[in-house]
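We call the chains A, B, C and D, going by the order they appear; numbering starts again at 1 in every chain.
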Amino acid sequence: MQELITRAKELLENGTVARVLGWKIGDLPYNPEPAFFETAESLDKFVYNGFCGANLSKYMIEASKLEGKTLVCLKPCDTYSFNQLLTEHRVDRDKAYIIGVGCKGKLDVEKIKKTGIKGIVSISGAEADSACDTLEIDTLYGKKSCAYGDAMLERCHVCKGKEHKIYDELIGESRDTADKERFAEVEMIEAMSPEEKFAFFQKELSKCIRCNACRNVCPACSCRKCVFDSNKFDSAQKANVDSFEEKMFHIIRAFHVAGRCTDCGECSRVCPQGIPLHLFNRKFIKDIDELYGDYTAGAEAGSLAPLTDFKMDDAEPSIVNERG
Amino acid sequence: MSVNNEFKPKIVAFCCNWCSYAGADLAGSSRLAYPADVKIIRVPCSCRVNPMFILRAFEKGADGVIICGCHPGDCHYSTGNYYARRRMTLLFSMLDYIGVEKGRARVEWVSAAEGVKFADTMNSFVSKIKDLGENVRLGDIRCKN
Amino acid sequence: MTTEKKQAELIREISGVEPLKCMKCGKCSATCPAYNEMDIKPHQFVSYVANENIEALVNSKSLWKCLSCFACIERCPRNVQPGKLIDAARQIVLRQKGGDYLKDEEIPELLDEELPQQLLVSAYRRYKR
Amino acid sequence: MQRIGVFVCHCGSNIAATVDVKKVVEVIRSEPGVVHAEDYQYMCSEAGQERIAIAVKEHKLTGIVVCSCSPRMHETTFRKAAERAGLNPYMVEIANIREHCSWIHKDINEGTEKAVILARAAVAKVNLNTPLYPGESRVTKRALVIGGGIAGIQTALDIADAGYEVDIVEKTPSIGGIMSQLDKTFPTLDCSACILTPKMVDAAAHEKIKLYTYSEVEKVSGFVGDFTVDIRKKARYVDADKCTGCGLCQEKCPSKKTPSEFNRGLGNRSAIYTPFAQAIPNVPVIDTDACIKFKTGKCGLCQKVCAAGAIDYTQKDEIVTEKYGAIVVATGFDTIKLDNYDEYAYNQSKDVITSLELERVMNAAGPTHGHLERLSDGKAPKEIVFIQCVGSRCSDDRGKPYCSKICCMYTAKHAMLIRDKYPDVNVTVFYIDVRTPGKNFDEFYRRAVEQYGVNYVKGQVGKVIPQPNGKLLVQGSDLLDNKQILKEADMVVLATAIEPNKDVRKIATMLTASIDTNNFLTEAHAKLRPVESPTAGIFLSGVCQGPKDIPETVSQAGAAAIKVVGLLAKDKLMTNPCTAHADELLCNGCSTCANVCPYGAISYEDKQVNDHGIRETRRIAVVNNALCQGCGACTVACPSGAMDLQGFSNRQILAEVDAICR
């Protein structure tokens, strides 16, 4: 982290960049937040640790409009989002100085809490430089510990890899965290009966309070104005008349990002209701891979998204009924 | 009274102007019967059909939605139905995934010459929807007027 | 399903070959160095599998005359690659025989300084269950 | 709120028999927006149309719904009637209660109920209709033809004969294309030059045709009727106005070692050259890579011997900008490279040649002055083997998946000509299939077999092995005899697959014309619009669209010409107003819509916008209404809903959905 701060100061001072986009120490030990730093002094508040899950690429849309370059810290998975935004002309490569930061897996405080640990005062072992295998946690009730892996976000268990797809320079080391089958959860649902599937999603989606956190954090959901906020489809946001509207919202949201979603997992990370929203997006990713060939959004800037492409012998929609 | 209690499904059919709508016209001029439950909406091309339209139809109480377009390779706009095919495949897969009965939404390619196919398709679709029964899962708390 | 049909499907599966892609140009037979030794010619292999005529195929002399030189695989314009069919047919025969064609203890005997290692690995893979 | 009039047609008893027309009128009256409803026997009759006009005036109608037969039948009729009554024609919607209702339902209650719902949906839509106006664009009455082969020449001649100006841009120093390299043509065996050169002369002499040879299209902008094209005229270093075409410069040029493109590299040419004797224009060009003057600064011999003083070493490339109403692509083809076909020994032996090379060998103006001889030692061959489908019908990545179409016939031609001129030469043709669909084609092939004794063997050749004695050992299969054949040949001729000219991808990109995976240009409709590109104003002529022989190329060239003439004959183009339109405030500028547009109608502009007080420059999609055909693919691709289709807007369709599901 110190290397990152030193380098950021250097680039600010020599005028290469006008500001730094990174994470700022939050009010709790586990909630750093995205922030712009415009002076070397302000970087004292800069932090990069296991809790810096936030994907900063979306902030580059606004940063691309500002004077001068912005130094942006991107984790390996964030670079996919950046590439996708680049493909869609939403960010300006010339306005970004990308430092690819190492990643040893990002943490989810909810997972720690789920192990029964309460009253967290401080956590050690989550630092970017010296990420340990075990987190030592000081709580109001004494010292506790939790395996790093047990505290990791779901998305890190199915990590796409620790290679940065776009960067100007790299700082920090990464650690391979993938230890689960990416599509296992989706397959589990696919194997359910229609009744079970319906019950599962009914239960999950009935938690939705339409706070729009998923939409606001999603780098693919970067429309200037969401269709659900405009009058183009008579779908302007209003009190839900029926519970179908949540389904409609989440299906359409997933459809709009299909082939563009990089599976960054931010939607599930930020959902205050803990809805596994990534299951929608990942279902589309799985379908696309199976039906139209493997495709990873953002792996390469400028690639043609599967929904804007076709093959003469694509599967017919009836395949959905045929495959059990 | 038993006749009145018979389930009359609401079915929305999106037909492309160049092939399927003309196919429906041919079915009509050939006097090929299919249930009156089917109501056709004319669109320029199957690629004009937005998933929002389909979900909206279900939301408002449709029991089945069918999209008809030119056969792949015969699109008036060359490529429209190819895009529609991918879009609808993914959408239907998602509906299946969230527990909606298979077959509540369908895509069929019907050319302007296929009046018989149009009527057959509608007959089979209506009977499928009758088998599935009322659309409860997608409407949930149905909007009723 | 008849045994022959099953076997034809098995051959397709093992070889990954789709015989229907064949356009019957005969380039495989034109290119085969062991052609004159064969009773069923390389191009016929494809139609034998397509027609599910497996009995004749597995009992043919050709099965053991193919050198696996892969010239037909290399040059087939339609990616049908009859050499792979022959290979698959051999495997079927070996599997039916049950036992290992090659036994572990025989290997030291067979070792030859001149022999490429890869050949041994490939033989082992092919002739051992 | 609209003031809508609903007109329900009886269509005699066609509708009225199974739909209670009066009931429909009665029910529809209470729909929002409806201020008038009536029924009539035949709405499409003059009296029926008159009723619409009267009602428009009486009830100050702003929208009309006609419940009648299919809109495919009478939509235009009713739109015109509305227009006559002073209404915008696009304020009319049709509820199809005949084909989609009365004709298929027997029960009158059922029919009436459905008719009401269909009428309701149409009313709901009209409530959201807005007046639409067709756009107009001008037509520049001049056409551009890219490529000066037989396809381009024929297209240009036909356009010019119809009285329109047409320019041909040809990359090489002369027009003529591949056909000028051929010796004879099937199935009548006329000499290629004898039938082509008069056409070349006609093109050059035509007062409406302008030739840009040794020139390339550099940039294309605009759209149908109004293209602007930059043409690069490459420096010839010879003043075309002064040059008399005497040829002395070529004779005296000391640099004579450059492989001749025209002779497929089988002979050499000088650094200053015309590609062939009948070249048009007969003005040489200097190949600066070979010219001693350009390489070392010394020489200048051509300048010294040119009595006309035409040589000008200081000439520069020139960019000409021209306006065109239509563009025809006629970029033709070439044979594929055979580097991946080692088994045929093409790169190992001079005596293995392609069929196009054989054309040059057989041609009196070719490298062997028309004598059939081996290129390695000049000896007369006794055994010649032809191999068919070299690189054609290949699903591997070495060749092409399609049939090149012309090879069966030209091979029959070659075999026949050889047997005719050299009866002692044995000719064997290895074939997979002999494909001869065409007038007099099969007869021609049978003559090669029956009259000329050409030996056709069904089977492919596996390899060609050059022998130490200079012969070529051909190993092939005879599938009918189930034999493997080993044959010693003196020459092997490969029927090499053809592929679109390498430059076509670049040109297609400039024109936003679509191209298939084999680099052939895509037609607007495979069956019904075979000479048009999906991009309006772009037409296809010749092999750039798919393999074809000369007669087919010429017919297609004529077809493309008449399409161009049909376009240029118009003074103005009326554009369909049902086109897509992007809402500037919602557009993300993400390019997704442009990626699905089959017509290249969407481009992006940096526009100044005022989004509720935020003033900024944004990348915004702009639809060219002259190109957009209104399919709506973009509207669904657009995630923000910025892209909408006039006449079939999202809200209109949703209103119909709501009305039906009510």
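A few points about this structure:
Here is the rule we go by: contacts are C-beta pairs under 8 Å (C-beta built on N, C-alpha and C of every residue); 3 or more make two chains touch, one makes a residue touch a chain.
A quick note: this is a predicted structure, and the numbers were derived from the prediction, not measured.
Shared contact partners of chain B and chain C, listed by label: D. With A-D and B-D as the two chain pairs, more C-beta contacts join B-D. With centres set at the average Cα position, the gap from chain C to chain D is 46 Å. Rounded to whole angstrom, the centroid-to-centroid distance between chain A and chain B, based on C-alpha atoms, equals 37 Å. Residues of chain C found to touch two or more other chains are absent. The residues of chain A that reach two or more other chains are 227, 233, 307-309, listed in rising order. For chain B, the set of residues touching two or more other chains reads 50-52, 56, 73, 79, 83, 87. Every pair of chains meeting the touch criterion is listed here: A-B, A-D, B-D, C-D. On the chain A side of its complex with chain B, the touching residues are 189-190, 192, 194-202, 227, 233, 235, 241-245, 247-248, 251-252, 254-255, 258, 280, 283-284, 287-288, 291-292, 306-312, 314-321.
Every residue of chain C that touches chain D in the complex is listed here, in rising order: 21, 23-32, 35-36, 41, 43-44, 71, 75-79. Residues 70-73, 96, 98-101, 103-107, 110-111, 113-114, 117-118, 121, 514, 522, 524-526, 534, 578, 596, 598, 629-633, 635-637, 645, 648, 650, 653-654, 656-658, 660-662 of chain D are the ones touching chain B in the complex. Contact residues of chain B toward chain A in the complex are 50-52, 55-56, 58-59, 72-73, 79, 82-83, 85-103, 106-107, 137-143.
Listing the residues of chain B that touch chain D in their complex gives 10, 12, 17, 21-22, 24-25, 27-29, 31-34, 36, 39-45, 47-53, 56-57, 60-62, 73, 76-80, 83, 87, 119, 145.
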